[in-house]
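Following are the structures in question.
In the two complexes that follow, chain A is the common piece, with chain B as its partner first and chain C second.
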Partner chain A sequence: MMARYLAGRLAGMVLILFLVCLFTFLIFFTLSPDPAVLICGKTCTPDRIDQIRGVLGLDQPFLTQFFGFLGGIFAGRDYGQGANLVHCAAPCLGYSFQTNQSVWDMVVERLPVSATLAIGAAVLWLLFGIAAGLLSAVKEGTWWDRAGMGLALGGSSIPNYVLALALQYVLVVQLQVLPFPQAVAFGDDPVLWFESYLMPWIVLAAGYACLYARLTRANVIDTLAENFMRTARAKGLSPVLTMRRHALRPALTPITTIFGMDFAALLGGALITEKVFGLNGVGKMAADSIAKNDQPVIMAVTLLAAFFVVVGNLVVDLVYTALDPRVRITAK
Partner chain B sequence: MTVVAQAEVAAPPATSGRRIAGVLLHDKGAVISAAFLALIVLMAICAPLISAITGHGPNDFDPAAIDTDLGGLPRGALGGIGAEHLLGVEPQNGRDILARVAYGARLSLLIAAAATVVTTLLGVVLGMLAGFYRGWVDQVICRVMDFLMAFPALIFMIAILSSLPQGNRPVLLVAVISGFGWPYLARVVRGQTMTLVNREFVEAARASGASTGALVFKEILPNLRGSLIVMTTLAVPGYVGTEAGLSFLGVGVTPPTPSWGQMIAASVGWYAVDPMYFVIPGAFLFATVLSLTVLGDRLRAALDAGDAS
Partner chain C sequence: MSELLIVEDLTVTFPTTRGPVDVVKGVSFTVGRDDTVGIVGESGSGKSMTSLAIMGLLPRGARTSGSIRLDGAELLGAADRDLRRLRGDRMSMIFQDPLSSLNPYYPVGLQIEEVYRAHRGRSRRAAREVAIAALEQVGLPDAGRRADHYPHQFSGGQRQRIMIAMALVCSPALLIADEPTTALDVTVQAQILRLLADLRRQSGTGMIFITHDLAVISSIATRVLVMRRGEQVEYGTAEQVFAEPRHDYTRMLLESIPRIDDPTNDGVSA
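Now for the complex of A and B:
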């Protein structure tokens, strides 16, 4: 039963990714200015444009181009002929129109930055969000609760680029407690690495932390009102134990779903945060490539982001089934 | 929620609309938020009037207000705030920030309002179609929703907006925001329609010969009202933020037309020397989003309390 469910889900994932690919390709095919003209630059002749079109296969009909791109991902592809032949190995996403770099290499190079950003932020927002939510729920109605939830409401309303600018102004320019974020490898200078990522982490985590605090509070309050909680207290279990053994699991299970999807979406690039702090991750690459109309790179980041979202959804469903036996798939 | 509880006890049985209005009027947060939003709307409507009174249009350069020796920084403290320019000026060209914030509010609010209307229409119509007819209609609509929700919406919005020729940007923004926004509403509408269709009062109406149109508009739609109001009010701040974010990334409203996100984007290079340049539009954006969120939140609490009683 499980195997059949998984097979169905995987087929659905592949279909969605295929559609994302087709749709993005179609948009660029119909709407974008001619990439050959863009590559050719200022010193351009009609012959040269035709030549570039030939090499990139831009003179082919839409479906040929599309399946050429798709084939490249699984089997690699060749550009040009004879002496000019360039082979692009198996996960081939083409070459950047701007830098002529392999798009796959660009993605592989930048993914660790986005992953570092996403993981650090996730740790922060889970810690603070869930802790604040629990505290507010346990002390429901007190000033703790009101202050915490007021702060959460306010925090979730600050656009992250405004927060980014405000933090940089206060921490870097005025108080000078942090350096300007720099691209440093962890191995070279762990302290500077940490200091450089700290602000981006905070900026990215703030909005989510506020949201998770409110969610956790609502879920815990709902759970505390359930009958089994009253039973647990009535049979003499201490408040702390009731909380730990009975309330946390049902209250936090829905959070895992949302967390999985939020985290997956972030892996595909936090555009604004990466751009504001100049972090060279997938998100900044997306923003830059869009600004320069670098189609192969835009295709790659769109596909990558969709891939993470789809995989994230699957993982979330599997984890959810493991955590909550009520939704387990039963044999008919 | 003691306020809600008190109002519940004190208020005489009233229609749900009046009861909710009464509850919200007793809620300090809701009143302040509504007042602030009214002020912003008024400011947006009166933007030309503000310009006429202060004598500064949103695109008028004021070389006297900036110091060319300091690279075009505004003269005076706090980004040039003073009697002449109430909220200061932009560095380098001396444009009046108050005028630009007021005109920016026009566009930001208009886009958010239009996006809300289009999203709600799409979400309600498609959600109800799916929930009412089931079968293949439901299948098709659900697949489209799954597809749209798996899509990396932000990246794709930027990609579409940047590759499209310079058309009517506000209309494009509305189209893109609602195109990716309706599934979240439609999913809820579909679920509720599916349960409502099987309720006794709908079956009774059907049995007494009501037409499909009457079923939809007289029986089902009125019962969706509560959740629709809540979902829509909570979605508006998201649209305000999305518009500002897209403009911030340079694919929204094109300069020199002001929008809040774009003003903040322009201030990125200046934050260290002229912080007021990003603080003012940032504060307006923050306060607007916060007010909308608080209002939506309180509205939901009031409606939930009504359902429970």
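Now for the complex of A and C:
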């Protein structure tokens, strides 16, 4: 049952990724300016453009180019011929038109930055969002609840870049409690590493924390009104056990789903936060490549984001079947 | 022998935007040990609020006056700690809809065990044995295995049996059954009624049986309390109430029961 289910889901995932690939490729094939002209630069001759076209295979029909790209991911591919031959080992995502760097190497280099940002922010927003939501729900209707939820509504309305600039101005410029964020490895200077990531974490987490606080509050209030909560009280269970065992699990399980999706999307890069803080993550790579029409890089970040979303979906569904006994896997 | 439960002049008031509303107005009745009292009334008559007041489970904001004594101890105004000690142990309650009354996230065995552990404080293993015995007692086949199943894996009748097992696991002196058969099929209703009556007789538990169905009451209760709009319109032994109802409303309720020997009954039963 489980094996059949997984096989079906994996086949679906591959199909979705293939279609994402196809459509992204199609968009650039039909809409973007000639990459050969972009690469050629200022000192350009028609001969040189033709030569670049030949090396990159841009003179080939669409499907040949497309399957050349797909084949490169799984088997690697060769650019050019004879003495000019360049072998791009699998997984080959091509070379950046801007820097000639291997796109796969760029992804490998930047993914840890985005992952670090996403993980740190997720810890913060889960911690504060759920705690605030729980408190508000338990103290429903009090001033604490109203102030907290008002703040959450306001917080989720502030754009990331505004909060980022405001934080930088206050913490770095005025109070000087934090250094300006720097690209430093954890191993080289853990303290500076932490201080550099702290503001991006807070900025990225703020919006999610506000959203999760409201979500948690609503779920807990709904759960507290359930008949089984009345049963738990009628059984004479302590308020702590009633809350911890009977209310929390039903109230928080749906949040797992949303968290999985949000987190997966962030692994594909947090565009604005990375850009504002100059973090060299996948998000900044996406923003830069779009600005410069760097087609191989755009293909890579699009595929990467789609990959994380699709995998995140599967993980969420599997985790949900473990958390909610009413949901069971049935193979189609 | 003294009475088990004495309710005197119980009034329950809710604050509303249009001022306080009395949902129970001066209700008095007693439940003896080894006795069943039926409370009958339509929706909104205050019968469920009366039972919740006894359990100390009224919604926040409700105010009460009068007196409710269980084994001579006053329950109205008692500290929540003390009430908690009684709930599930000395008095317990079964609700109308067994599916929503059980937590869907936990196996039914665990949900019975936790009552026993809360009041007897014994080990998980001891509690599990007691829980399985309770499930066997209510006639659940293969109780040892089914204790690990979740509420949605049982039928409606089985779920109500599980609720009964949960309510009786600490051998309470008082059991309140609030419309326990309303959500069930007619054939299952009869089985659950018989089970409740049998278990009550074996354990000598006092029972309050709440229903809107007088026909059900006639088969199970020794005393009957009829309520309407929060007021007590009739209270007496079952024979009295059925044979010579003093109030028009009771007479009306009695006449609404379809009877098999009634010539006006055209065979369409309610």
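As a working rule, the second predicted complex is superposed on the first by the 329 of 332 C-alpha atoms of A that agree within 3 Å, B and C clash if a C-alpha of one lies under 4 Å from a C-alpha of the other, contacts with A are read in each partner's own complex, and residues count from 1 in each chain.
Just so we're on the same page, contacts are C-beta pairs under 8 Å (C-beta built on N, C-alpha and C of every residue); 3 or more make two chains touch, one makes a residue touch a chain.
Everything numeric here is computed off the predicted structure, so don't read it as measured data.
Looking at the shared chain after the overlay, A:A286 reaches chain B, while chain C stays out of its contact range. By the touch criterion defined above, A:V173 reaches chain B but does not reach chain C. Of the two partner chains placed by the overlay, only chain B lies in contact with A:A306; chain C stays clear of it.
Chain A has more of its residues touched by B than by the other of chain B and chain C. Using the contact criterion defined above for the overlaid structures, shared-chain residue A:R53 touches neither chain B nor chain C, since it reaches no partner. Look at A:V162: by the touch rule set out above, it reaches chain B but stays clear of chain C.
Shared-chain residue A:A232: touches chain C; no touch with chain B.
Looking at the shared chain after the overlay, A:L31 reaches chain B, while chain C stays out of its contact range. Under the contact criterion defined above, no residue of chain A touches both chain B in one complex and chain C in the other. Across the complex, chain C is touched by residues 226-228, 230-238, 241, 245-246, 249-250, 253, 324-326 of chain A.
On chain B, the positions that touch chain A within their shared complex are 2, 146-147, 150-152, 154-156, 158-160, 162-164, 237, 241, 244-245, 248-251, 261, 264-265, 267-268, 271-272, 275, 278-279, 282, 285-286, 289-290, 293-294, 297.
Considering their complex, residues 12, 16, 19-20, 24, 27-28, 31-33, 141, 153-154, 156-159, 161-162, 165-166, 168-169, 172-173, 265, 268-269, 271-272, 275-276, 286-287, 290-291, 293, 298, 301-302, 305-306, 309-310, 313 of chain A touch chain B. In the complex of the two chains, the chain C residues touching chain A come out as 55, 57, 84-89, 92-93, 95, 97, 100-106, 114-115, 118-119, 150, 152, 163, 166.
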